[in-house]
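Presented sequentially are two complexes of chain A, the first with chain B as partner and the second with chain C.
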Partner chain A sequence: MKKIGTNTFKLDDLISIVSTASIVGPKESDGPLKEYFDKCVEDEFWGEKSWEKAESKFIKEASISALNKSSLAATDIDCIFSGDLLNQCISSTFGMRDSNIPFYGIFGACSTFCEALSLGSVFIDAGANNVLCATSSHFCSAEKQFRFPLELGNQRTPNSQWTVTGAGSVVLSRNGKGPFITHFTPGVITDMGIKDANNMGAAMAPAALKTLITHLSDTGRSPDYYDMILTGDLGYVGKDILIKLAAEQGYDISNVYNDCGVLMFDQAKQDTHAGGSGCACSATVFSGYIYKLLVEKNISKVLLIATGALMNATSSQQGESIPGIAHAVAIEL
Partner chain B sequence: MSHVDSPKEYQKFIEKESPNSPIVKNCFRAFWVGGLICAIGQLIYFYCTSKGLDNTSSSTVVSICLVGLSAFLTAINVFNRIGKFAGAGSLIPITGFANSIVSPAMEYKSEGYVMGVGAKMFTVAGPVLVFGISSSVILGIILCLFA
Partner chain C sequence: MKKIGTNTFKLDDLISIVSTASIVGPKESDGPLKEYFDKCVEDEFWGEKSWEKAESKFIKEASISALNKSSLAATDIDCIFSGDLLNQCISSTFGMRDSNIPFYGIFGACSTFCEALSLGSVFIDAGANNVLCATSSHFCSAEKQFRFPLELGNQRTPNSQWTVTGAGSVVLSRNGKGPFITHFTPGVITDMGIKDANNMGAAMAPAALKTLITHLSDTGRSPDYYDMILTGDLGYVGKDILIKLAAEQGYDISNVYNDCGVLMFDQAKQDTHAGGSGCACSATVFSGYIYKLLVEKNISKVLLIATGALMNATSSQQGESIPGIAHAVAIEL
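After this line comes the complex of A and B, so read on.
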């Protein structure tokens, strides 16, 4: 691995994504990508007593599924990198507590999926053979922690996004036929003073812009080098903002760019306002949809930029603005 | 010149880029649903007085009925849909108050009856109670002093 440019790392070893798995909840199962997910769960509780327990089950089952598809045994996995949105990452830790695999719980809000892929790649580059990366989120547990009770009769603003219920899991290996992680660009925390917790897309777009431009200038690539540039969960509002901001900097991304939160739901039919969000948004869209496009060779070069809003309920109540972050991972055949 | 040069510039740009809530539509819905809820209350009131209850008792029966109905509709996952449609129309009458107590009670049942339901029941309605009661105390004192 070597550093190129200001903030990008180029991986010399071929780090292969050998398998992925995605499990989603009922609303995601009605969305445009339903046929790409491995499992669609019709009950938000998934037979558990609480949403938190259900979310742990999502990440556990997605990880078991990814492991089974990779034909590796649990003992072959050197380390897990996993994270979610709940306090102290309990979905990940409770989901993985029976795994008996070395575990690192990580937090990057909704950017956690790319954070996990980056750290997993570094781990393999440093000598590990196989690493499992997983993230989850759950609409109900996220609403409970960050906003209001579900049964409260309030109105959502047009900018608000819908936390994706589900989990995505991938197995990285030094032995595999690809797709390969070739570069990653860790993001810097970017805060443009947005305080509206219902407008995450606007809060995170500048972070995505910074990471995107850093990645492109470090690698000397143009946006068109990629078949697809995908942000994690900027949603409709953030997506439009990013296209405009990138154009101001001289990068026309409109032909290749989309957002996982935009792809996840049908905005007109599903009443999801500005689109999907959450750790599971980029994880399930990548694990379910994008990975299949890569394996079937419909596309060969993807830049995935998972975006995160690094705030909590207390910081919002104390009037703090919302710092954004975005981590980019380049995946190529 | 870029819109991310300064936070001030960016916030101005965001205001332009972000869609606004449909205020006229929301106001119209709030008006007629809120009016309907009040009309239902008035009908209950007329019924009570026609049966011979005095005015104060009739008002109490109206409150009990609307709170009970709102709590029931919250429990069967209907009130949040009414609230989503009507906004302040169902929030401002006493129905909204009942909903704001029942909904966290349901949500936090998984944390037990004491630290869950009991402790969290007033997370939404608590501030309304605190400042409602405080302001009525202050008004009461003013009334005592000047009346």
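After this line comes the complex of A and C, so read on.
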């Protein structure tokens, strides 16, 4: 790979996304993208005894499905890049426990999916053959861990987002017919002082802006170069902020830009407030919906910018603001 | 890089460790390695209002120190690989918040330091120039999060280990005179059913064995090829187990093998029970002690195998066993 501009890397090898798989929970199965997902699970527990164990099952089954679709054997996979929102990333580690494949745990909060695609591409660019990337999140395990016990029935604030229940997995390979990952722009931690842990869209939008502007500037591309620029989970609040911030920087992204958290749920019929979020948001929307648009040649150039809020419950309790990050990956036919 | 054997990668480029820095807390400053650390802090809070904020300061200051020693500017660093034990890795994210350097968060529990060295090497092998790797842990923040409030004064079990307070940071570069990272063997998640969260050494030893045997088998090297084989934090219990398990597999490692958690504290004078642990254990012992042995040519070949327990408090409460992982990195003059 070669560094171009300040922070973007152009991959030397053609890194092909040879297969994807997406599995979602009941609320996502009622949303506008339901027909695109590989599997819709009707019960948040999916037959397990806890939400955490269910989340591990989501990421495990999505990864097995992606691997099966790739027609590669587990022994062909050089390593896994995987992460999630649970403390110490236990969804990924327990989900991949039986894989017998070298495992690298990663954590970028909800930006983890694009972090996985980036590091997976680098691994292949350096000489590996095949890499599996997977992320998950679960509404119930996330609410329990980050906010309140669901049993309390707390009212949610208008700016809050709904953590997507599900998992997305992709197999990357140096051998394949595309779509290809061509560039990636790793994110810089950006903290504009937002302290409201129920307004993640506002906390993450400045990080998305920084990565977007860096990517466009480094590559010399205009927003219109892409058929679609997609952020991971800024939701309705963050999406509006990003459009305005980009316009202030001279970039009109309104024609090509959308957010996976906005696409995931039906705002009129499904009461999610500010839209979807979570590591599974960009992972399932990409693996389920966007990948199919690419393969069917409805679109040919996508910039996926997954966004993450790098805080925890303790940091908020200690009065800290919320650092954001956004990792961008360019995917082209 | 080229894959050799089943799971080992030989790096094409010479990845030089151009600088290291280590900062430790008060207990570590009383241990046998005190003269090797760059900075010994006398107060667990280090002037901050919480242990979490102090841990962020450890990783931030260690990284600034390593960067300064490298004579590189922050703008020369292509990206940071960093992680820690706190929920959602907040020590790393808050510690690196002001760096303005592209940031990849990683999580391998106490194996994170070798995961960082591996992925940093891959990043340079693929085409980047310079990478910063850093990990931290803190006894007080770890006890509070994983076990009991320190104020309770709970008795610790004989097999329990003492989380190292500190941070280690290294700068990797494609330009440098060594020591060089020449090979790495990523770990496979290994779970032998250990459920005692106060016996991490036993939980992680089988993972260390698997990575060690894989590395030796893939490279065709015997244990004696290395001047030193070092695990990250198996402690006294895990160290004994690994020696026995390796002997059962036909490898006598007793002459060249030691553990960073054993080296860190004085067993007779410092009451740590089974030795040191934590992301900072291998990071500070390597950055402080081992790196200097290499630079001064007292040793020339080291295999560092950082070990991690991939669980959290919830998984233990839900009756899960403790999956282990171990990532190996070969460092040679």
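Throughout what follows, the second predicted complex is superposed on the first by the 332 of 333 C-alpha atoms of A that agree within 3 Å, B and C clash if a C-alpha of one lies under 4 Å from a C-alpha of the other, contacts with A are read in each partner's own complex, and residues count from 1 in each chain.
Operating definition for what follows: a contact is a pair of C-beta atoms (placed from the backbone, for glycine too) under 8 Å apart; a residue touches a chain by one contact, two chains touch by 3 or more.
Quantities reported herein were computed from a predicted structural model and do not represent experimental measurements.
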#### Entry: Most chain A residues touched (candidates chain B, chain C)
C
### Message
Under the stated touch criterion, which partner chain does A:A73 make contact with: chain B (first), chain C (second), both, or neither?
### Response
neither
### Query
In the superposed arrangement, does A:I4 touch chain B (first), chain C (second), both or neither?
neither
### Message
For A:N159, using the defined touch cut-off, is the partner it touches chain B, chain C, both, or neither? Pick first, second, both or neither.
### Response
first
### Message
According to the stated criteria, A:A247 is in contact with first (chain B), second (chain C), both, or neither; which is it?
### Response
neither
### Partner chain in contact with A:S50 - chain B first, chain C second, else both or neither
both
### Message
Is A:V237 touching anything from chain B or chain C once the two structures are fitted on A? First, second, both or neither.
### Response
first
### Intersection of chain A interface sets (partners chain B, chain C)
49-50, 52, 191
### Query
In their shared complex, at which residues does chain C touch chain A?
1-3, 7, 9, 12, 49-50, 52-53, 78-79, 83, 85-90, 93-94, 96-97, 99-109, 115, 118-119, 122-123, 125-129, 145, 186-189, 191, 310-315, 318, 320, 323, 325
### Query
Which bits of chain A are touching chain B when the two form their complex?
49-52, 144, 148-159, 191-194, 199, 202, 206, 209, 237, 240-241, 244-245, 248-249, 321
### Query
chain A touches which residues of chain B in the complex?
1-4, 7-8, 10-11, 13-14, 17-22, 26, 74-75, 77, 79-84, 86-87, 90-91, 96, 99-100, 102-104, 106-108, 110, 124
